[in-house]
Each structure stands twice: as structure tokens, then as C-alpha cells.
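Multiple structures follow.
Heads up, the next two complexes both have subunit A, just with different partners, subunit B and then subunit C.
Right after this comes the complex of A and B.
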């Protein structure tokens, strides 16, 4: 079984190599995807005023501008803290909620699932003032926890749906075996289900982290302190009312993209498995 | 601690074997000293660490300390790599002069400033002092979020030191004609042009609209990817078009005495037709989507001879092309010979009504508005100073675009046509409604007359509602 799964991609690669009708559109698509990245790198490293298409004369001035001048060091730390905290909170709630949705048949389960789906249609901007009011009452304005809570609120519905779909695919018999052997439900979950959920956790966690990393609106609205802003707010500083610092914008873009690219590079194998398993049979 | 012993059943033997294998694996982990709860323990530890770090990032709002020191919060409406250090320098100077007041600086990105202010007003989280322009001042006044500054300005003798037309612009925004903003600087739409290309073609900077259209045509060489002009067809197109229309027609008011919009005046329509006729002939085809960033980038890239923008892109243009290759002139005089300008929004400082440190906030506003601060600020950003004592300084005379813009404003025959920022619908009409229609005009799917008529109808309706509301 395992060897069959491993052989499949190899055979596909062999076939694709000889099929230009597959390779050409893929190469074209890759080109469209990579050109903006190339543009960003060239602008980030070439001096202001240069029109060189190839990065021949390199400078780190734009990185100095964003890191020290604009305070990207602080923004980076804030984004990382909020991203990791959101990832953890979303993962814990998605695991517990997803398990309940997958394994228990309680009244109103379908309505609850429908409600979760419906929340996906509510734009974040609509919730700004109510959320601001709540955070103000809780003294959480200018506190990074406000961002974690807001992000979790918007990320959790999709994560719950994904996670419950994935858990449903794990045969209950595996857990039953553990119960029969004397494990509690919680112990059975930890020993049997949790290790099998690694791809799902990676998928859910990655989405939570990246969603939080990229969110601009909440960071700008709920924070009113220069030392609390996150990377997306820092990036928008480069777009002035009358002028745009393209070098700083591109350098900031590189700083913002690196963690996301790294996350994807590390987890992409699990991500595909997790998404397909959770989504198709949800 | 030991693992659960595994037993298989007849019903799902294979699955139970898998379960047994997993439990056996857990057992091996335990024997190696790796607890099966390890991920949970790690996760909890990580969550607690993040929690502690995040908890350390709590609120530190403005207030008064036990030593009598006050902290005020200042929101900069255009935070960025150029202006943030400038503000921080001015704040340091202010704090040296006023050791009992600390100013907490918060830079707000220009593109989102209105949304940030509106949210703060609606939910109750406004700062003590903020930068604002007259383009959204009316909305803040309507929400009763601002403190009128007339009395304080009068007592400090500040109003008399500010360019009168700037004060007038600010007062016109408020229905009660009170002074809700102390102007610090202003901007003016100008034609940026390539001196080197004009010299090569033996042309002079356009003084009339006829000169302009002739120069644009002569400076276009599509074979060499050189265009005489670039049209702002994307975001922000309408305000720029309005300044061109009134500068061309010489019509001296947005509304006639009966409250009817003058936008569809025949001369205004004529200008729209002439500009639309330049599209793709003397301008790049991509101009239909041009916002100011693309327009400035095109001009800086060297393919455009004339660009209509304001003084704000001065630093970008000089940085990209060099001071010797770029210059600016005010928009040409009207066909009638009169110089007619539609002033840009006036930038300044406002005080929020909810501030608990109004005296300290006023001290900061006063400090920023005084001669030395106003001079430092405007010299660096290349804008027109609001303080009349600064306008005669040598740097104003040395900066050609600022000098000529100021001269155009102060010319005795100049007619200033104030845009109706006081209309709550003005922003939506110019940005949301009319922007896409102007693109239709450029693409030839709508006539200039239809466009102007639609625009005028909307403005007339908005003005009528306003007049009714204020009891006019």
C-alpha cells in the first residue's frame, strides 16, 4: 500500500516530462507567479533611481530603512507573537471542537455547522466597531491579545470544518480498540487520533498563522501604539499620501514574505494531505 | 507507567491491529522517556510563553503621572519613512521646551487614515491631537468629534499668522464656520515637466492651455516610447480632472446662485473632451488605470514629458530624474486669461473633543504651528507653509515648485474655487461614482457631455440636501 503511494508521483513526473501540453501551461503559470517576486527582489536590492532589470548594483539601504527607520524589527516580533499565539489557540479549539462535531451526534449539530459556514460570509470590516467596543470594555485595545482573539474568531469556523472532516476519516474502530484496552476517551484521543491528525494540524495551523500574519485591518484598528503594530501596517507606511517609496515597499515585502515562504516550504507536504483529507469528505 | 494491553476483536481485526501498533509505539516512546502527552505539554508551554509575552504588550494609554507630567497622544495622518523621523524630531524639540509634557507618536498609514479616525470616533478611542486634511475634516466635525479652536487661536494670536485662504478653507468645511483645524501646510496641483525634453524641443513651460496641448503633441514620440502627457484615469482621477476643468474654463464657483452645479458648463465639457482626445494618442494606453503611484513611477521612469500632480511628489520626481531635469509650473491660466485654482485639501492639526489634556494638546499644536517648526516641516516635505512668517524665508525662494505655487496662490487676480468638501457625499461622488464613468469617457463608451451632466446632477442634489439640512 505504502509503496504504491510512493510510486505514483514518480510515474506522473516521468509522463509529464514528455508532455509539453502539460509543461507549457505550468511553466507559463509559474512565470506569472514568479515575476512579481522577481520585481520585489530587484526593487528591494537595487539603489533608488536605478532602472536596472538585472540586480547588478546591490544595496541594503532599503532594508535599513524598513528595519530601523520604520521599525520593522518591532513589527516583525509582534506579527510573530500574534501568529504563533493564533496558531496555538486555533489549533486547540479546532481539535476539540472538530472532534465533537465528528464524533458526537448532538442536537443542532447541522445548524451549528451551517452557522459556521455562514460566518465565512461576514466581512471583517463589518465587525470592526462591535469588536472594538468589546475590546475597549475588556481593556484589550492596544494589547496584542485583541488581535489573537479577533483572528481566532475569524479563522476558527473554517478550521473547525476542516478538522471535523479529517477526524471523521479516522475510523472510530481505532479508538474503540483503545477504549476496550482500558484507555479513557481523552487518552485514546491523544494516543490514537492526535498522531494521525498531524497533516490536518499542519493545514489548520498554517492557515491560522498566515491569515494572522497578513491581517492589516485588525492590527491597524485595534492598536493605537507605534510599538504594537504588525508587519502589514508597517508595509502600508511606504504608501504615502503623495508619494510611494518603492524600494522600502519591496524590502518590506521581502521581510514579510520570508516567514510565509519558509512555513510553506516546511509544511507543504502535510498541507496538501491535510487539506484534501479534511475538505473532500467533510 | 505502562501502555494499555491490546486485545483484538472479531469485528474489525485489521483496524485493531493498527490501533495496537500505535499503542505499542506509545509504549516505546514512554520507555525512551518520551511521554505520549508530549505534544500537549509542548503546546501548553508554548501557549503560556506566548501568553506571557503578549500580556507584556498591554495598554499604556495617555494620562497624567504622579509627578504632574502629562502624556498626550498624537496621530500622524501620513506616517512613513520620510515624515515619521521628521515628526519625531519636532516632538523631541517640543518635549525639550515643555519637559512636563510627553507626546506619544502614532503614525497612521495615509491610505487608511479616514477609516481609522471614523472607527476611533465611533467606538471611542480618539487621540488628543491628530493630523487631518480638509478632505475629511467635514466628516469629523459632523460627528462632533473635534474641539473648536477659535478662542485658543485668538488668544495665542495664531490665526493672524496663517495664510488667510487656508483659514478660509478650513472654516468653509464646518457648517458652523468654526476653526476646527489649525493649518500647517497646503498643496497645489502643478504640471511637472521634463526640462531637458523641453530644452531639446525648444519649448517653454506651458503658460496657457493652448501651449499645453501644443507641447503635449510635440513631445510625443510613440516610436521611442515617449509620451507628451500622462492622464490619471484610475484612483483619484476626478479631483485632478476638476482642477483642470476649472483652471481651463475660469468658472469661479462650483455652484451658481441657485445651487446648480457648474460642472457641466460648456467650457468644462470642452476640457474633458480635449483631455479624452489625448488618451492613447499622446499618452500611454495603460493610463486608464493610472493612480498617482503609477503616474509618478511613469514620470520618474523617463517616458513622460508632462505630468499633472501636486507638490507632494516633489521628492520622488527629483530623486528619480535629478533636480536639473525636472521643474513644475502651476496649471495654465483659463481661456479668459484668469488664473483659476481649485485648492488642494489643507493639512493641519486638530484636537479631539474627548481629550483629557486639552491644554497640553493645545501647547503642542501651537508649537508645531510656530515659525521654526512650520519652516522645518514644510522645507523637508516640500509643501506650502501655512505660517505667513515662513513664506518669506529663503528656502521658499530656492525651491522653484513651492515658490511658483505660492506666487500663483498670492497673485492678485487669482480666483480660488473651493471644492465642496463640506458635502458628505462629495467623497463618494468623486471617488466611487464618477471615477469609473471617467474611464468610460477615456475608452469612448460615454461622451464628455453625458459624464459632465451626470456629475453635475449628483452634485446639485447633494448641495440641495445640504442646504436643506443647514436651513439655507
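Right after this comes the complex of A and C.
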């Protein structure tokens, strides 16, 4: 039942090495994926006025402009704070709620699960107005906590579904053995379940971080003070200039991309398996 | 470590929903240290933070949108505020051509995007499910745009599309197309341009979801089919496609909702232009909220968008008979 990697039949593996009918379309698609990234890197590192498509004369000037001149240093810090706070809150709430959904049969469980699924249909753009009103009454406009709260609320449903799927896949016998040995439910969870959930936490935490790092509309609506801008808002202002400085735009793009690319590199191994473990199956 | 990411046994997805949850079924033997009373309370305490957050910041706002939609409420014109009944709805249904054109564009946008993403996503998932050299690395590369934000996607493609130093200039130098083509400003080219941009970011989502499900198909099924003389296409038609059915339905629906709600990209890439040609309904809402601060009218638009989403989601699930074969 707990099959980690399905072994392919051996004779497939022999024909597997060089297969033009797979590699050719894949290479085409890779071009489509990678050329835009490459374009951004070229613009970010080449001096203003240069038209070279190949990396010949590299400069960090655009990064200096963006980081100190346009305030991306501050935006980066804001985005990072919101992202990490969202990650922590989502992970803790998803662990506790996911455990309840996976291991207890309580009245209202079905309704709660249904509500979680329904939230996937709620558009963020539609919540701008009412959330703005709420945050205004809470005096949280221009306060980064507003973003953490809004992000957490929107990330939590999917994280809960994912996490309960992960927890359900851990055999309960393991926990029962701990209880027999005199562990409380909580200690059993800490000692047995939590270590096994490390990949799940990586996946859920990364989703939360990436989602929060990428969110644009909430920050645009709730933060009007430039010292509270996040990276996407900063980037949108670079875009909105009448005469766009392409070098600065590209450098800002690289700054925006680096953290998610790093997180993605870590998480992408778990992405596919994680989704098959829980989310897709509802 | 492998335990937590373990897949359910192949082909169990349809049955899984109805299978009694083993962990839940054995309610007789729970952590011994707890009294019966606290045991009943525990799950509620555990979900309380999530439930509280969702009620205050999701459920309450939805209710308040309904309330605001019946008000004239513009932050920049507070002297006009007050209850106006259905005036906002009357205005948008009968006197706002932009509402209707945005609705039309939303339908076109969602249909084209989701359709193309499904086709390319399925193709990509099938490709990277095959065995070939450096497969893990190739997967990481083709999936990577998934993690890129809408605004960053805009930034990247603005660089690529710009008429003076963009890719079309180099293509024109090589004899393909014309110099100085500004695809985002030309009415005839803006739609394909934004569609391709969103495809770049959207296809990996489908590919990831479909690949996750492809991997749960037992290899023995294909072997048996091959023994019976089924060709590549027949194996796809009679094994792969039926297996993927539920995920395709779910992914299409989720993606349709997300593309419907996709504001970041269009807001920054075209701002609804040129000439409001690429204005979707949620983009219209966002502009009313962020730029015009017309919360009353924006809320009325929101209510309409909710109703449309809900209607089509239910319709889609009915028509596709999602999960029905499991019963």
C-alpha cells in the first residue's frame, strides 16, 4: 500500500534513453518556458543602451538602482516578513486543524470540509472592498499584519485539506503504539506524527510562502504608504512608469523571482506526490 | 519520510471517497489519558483558530458585500453615501455597457485560457511522465513558471513584447514580421498576446495536477493492454483518459474559477486596454475598488460575479457528473 516509487516494467527502461518523439516536443516547450526567463536575465545584467542578447558585458548597476533608489530593499524586507509570518501561522493552524479533520469524527466535520472546498471559489478581488473596511475598523491599514491575516485566511483552506490528507496517510497504528506506551495524544503527535510530516510541512509551508510572496491585490489595496509596499506592488509601479526603464524592471523582476525560485527548487519534488496524497482527492 | 508522501494504491481514487476512514472508524480507542468529556471537545479546539479566521475574514465579508451593494458608498464622495436599494444593480444591468462587454470578454478569456491550458497541460504531463534523460531536472524547469506571480509574469513579458528591444525586434531583424510592432497596444494582437502570456504561467498547473494523477495508474494496466494488442493511442484512449477524468473535471473547474478571478496579470499587463478590450469583470471590480474607491457599485458588481461563478460551477459539476461513477 505504501508504494513510494512505482517501478516501471523493465523493457520500458531500455527504450527509455534517447527518444526523439518525447525529447523534441519537450525541447520546444522548454524554449517557450525558458526564453522569457532568459530575456529577463539579459536585461537585468546588461548595461543601458546595449543590445547584446548574449552575456558579454555584465553590470550590477540596475540592481543598485532598484535596491536602493527604487526602494526594493524595503519591499523585499516587507515581503519576506509577511511571507515568513504567513508560513508560520498557516503551518501551525494547518497542523492542528488537519489533525482534527484526519483523526477525529466530530459533528460538523462534513460541513467544515465542504466550507473549505467552497472557499476555493471565493475570488480575492471580490474581497478587496469588505476586507478593506474590516482592516480600516481594526486600524490595520498600512500595517503588514493586515497582509498576514488576509494571506493566512486565503491560504488556510487548501493547506488544511492538504495537511489532513498527509496525516490520514500516516498509519494510526503508529500513534496507537505510542498511546499504549503511555504517551498522551499530544506527545504521541510530537514524537511520532510530526517527524513523518516533514515533507508535508515543507510543501504546505512553501505554498503559503509562495502565495504570500506573489500576492499583489491585497498589498495594493491595504498598503498605501510606500514604506509598507511589497515586491509585487513595487514591481507594478516600475511597470507603470510612463517611460519604463527596462533594465530596472528586469532587475526588479530578478529580485522578485529569486526567493520563489529557491523555494520552488526545494518544494517541486514534493509538489506532485503531495498533490496526489491529498488535495486532488478532496 | 516516505510514509507521508505515499500515494494511495493505484486506481483507488473513485472508491476512496466512499471508503470508511479507518482512522475515524476506530473511535473506541483514542489516546488513553483523556477523559470522555475533553475528548469530545478536542477536535473543536483544534479547528477553532482556522474556523475563527475564516468566519471573520471570509464569511463576514461576503455578507457585508451584499449589504454594501445596496448602498451608494464612495470613499471619495462621502456626502452622497446612503441606502439606494437596487439602484446599483439597475445601473449596471441597464446603463453600463462596460459591464456587458467585460462579461463577454471574461467568458472568452476563461474559455480560451482553460481550453488551451488543458490541452497543453495534458500534453506536457504525458511527456514528462515518460522516462528520459534528466527527467527530474526537465520537470523542475517546465513547472517553474507556476511559482511566478502575475505581476512578475507581466514584467517578464513586457520585456519580451516591447517594440524597441523585445523579441519581435530581433525576429524582424531576421526577416520575420515588422519592426516596431507593439503587440500590447494593437487591438488585433493584444488578445493572442495576453493569452500566450497567461498560458506560460498556467499550463504548468494543469501539468502538475495531471502528472500527479498519471503516476497513480498502474503500469500493469498498460502491460495487459499491450499484450491484448492495444496501440499507443488506444492505451491513451481507454486507460489514461478515463483514469484522468475526475482530475480533469476538478482541475478545469478550479482553473476556470481562477482564470475568471485572474486580476493581477491583466491589471498590470493591459489595465483592461486597449479601449477596454481586455477588461474582465473582476478586473472591473478591482479598478472600482482600488482606483475609483466606489465601494457601493463595486460591491454590486461583486455580487453579480458571485452569482455567475456559483451558477456555472454548479452547472459544470452537474453536466460533467463529477464523481457519479463512484456510486
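Note that in this section the second predicted complex is superposed on the first by the 254 of 282 C-alpha atoms of A that agree within 3 Å, B and C clash if a C-alpha of one lies under 4 Å from a C-alpha of the other, contacts with A are read in each partner's own complex, and residues count from 1 in each chain.
Here is the rule we go by: a contact is a pair of C-beta atoms (placed from the backbone, for glycine too) under 8 Å apart; a residue touches a chain by one contact, two chains touch by 3 or more.
Every value quoted in this text rests on a predicted model; they were computed, and no experiment measured them.
*Asks:* Here subunit A is shared; do subunit B and subunit C fit on it together or clash?
*Replies:* Pair status: clash.
*Asks:* Can A:200 be said to touch subunit B (first), subunit C (second), both, or neither?
*Replies:* second
*Asks:* Which partner, subunit B or subunit C, touches the larger number of subunit A residues?
*Replies:* The partner making contact with more of subunit A's residues is C.
*Asks:* Going by the contact rule set out at the top, does A:228 touch subunit B (first), subunit C (second), both, or neither?
*Replies:* The first partner, subunit B, only.
*Asks:* Would you check which partner chain A:171 touches, where first means subunit B only, second means subunit C only, and both and neither mean what they say?
*Replies:* In the superposition, A:171 contacts both subunit B and subunit C.
*Asks:* In the superposed arrangement, does A:128 touch subunit B (first), subunit C (second), both or neither?
*Replies:* A:128 sits against subunit B and subunit C alike.
*Asks:* So, A:64: does it touch subunit B (first), subunit C (second), both, or neither?
*Replies:* Touch partners of A:64: none, neither subunit B nor subunit C.
*Asks:* Does subunit B (first) or subunit C (second) touch A:220, or do both, or does neither?
*Replies:* Once the two structures are laid over each other on A, A:220 reaches both partners.
*Asks:* With the two structures laid over each other on chain A, which partner does A:246 touch: subunit B (first), subunit C (second), both, or neither?
*Replies:* both
*Asks:* Just name the clashing stretch of subunit B against subunit C, choosing from 45-53, 297-305, 315-323 or 369-377.
*Replies:* Among 45-53, 297-305, 315-323 or 369-377, the clash with subunit C belongs to 297-305.
*Asks:* Take the contacts of subunit A with subunit B and those with subunit C, and give the residues found in both.
*Replies:* Residues 51, 92, 128-129, 132-133, 171, 176, 180, 182-183, 216, 220-221, 236, 238-240, 244, 246 of subunit A touch both subunit B and subunit C.
*Asks:* Going by the contact rule set out above, which residues of subunit C touch subunit A in the complex?
*Replies:* Its residues touching subunit A are 1-10, 13, 16-17, 21-24, 26-27, 29-34, 40, 42-44, 46-47, 49-51, 53-54, 56-58, 60-62, 64-65, 68, 120, 123-124, 127-128, 130-133, 136, 138-152, 154-160, 162, 165, 167, 170, 200, 208-209, 211-213, 215-216, 218-219, 223, 247, 250-251, 254, 257, 260-261, 263-264, 267-268, 282-283, 285-286, 289-290, 295, 298-299, 302, 305-306, 309-310, 313.
*Asks:* Tell me, which parts of subunit B touch subunit A in their complex?
*Replies:* That would be residues 4-9, 11-12, 15-16, 18-20, 22-23, 25-26, 36-37, 39-40, 43, 46-47, 50-51, 53-55, 57-61, 73, 75, 77-85, 104-112, 115-116, 119-120, 122-125, 127, 187, 292-293, 296-297, 301-302, 309-313, 315-316, 319-320 of subunit B.
*Asks:* Touching subunit B in the complex: which residues of subunit A?
*Replies:* 48-49, 51, 65-66, 69-70, 78, 81-82, 84-85, 88-89, 91-92, 128-129, 132-133, 136, 139-145, 148, 171, 173-178, 180-183, 187, 190-192, 194-195, 216, 220-221, 224-228, 233, 236-246, 248
*Asks:* Given the complex with subunit C, which residues does subunit A contribute to the contact?
*Replies:* 1-4, 6-9, 12-13, 16-19, 22-23, 25-26, 29-30, 32-37, 39-40, 43, 51, 53, 92-94, 96-97, 99-106, 109, 112, 115, 119-134, 149-150, 152-153, 156-157, 160, 166, 168-172, 176, 179-180, 182-185, 188, 196-200, 210, 213-217, 220-221, 232, 235-236, 238-240, 244, 246, 249-250, 252-253, 256-257, 260-261, 263-265, 268-277, 280-282
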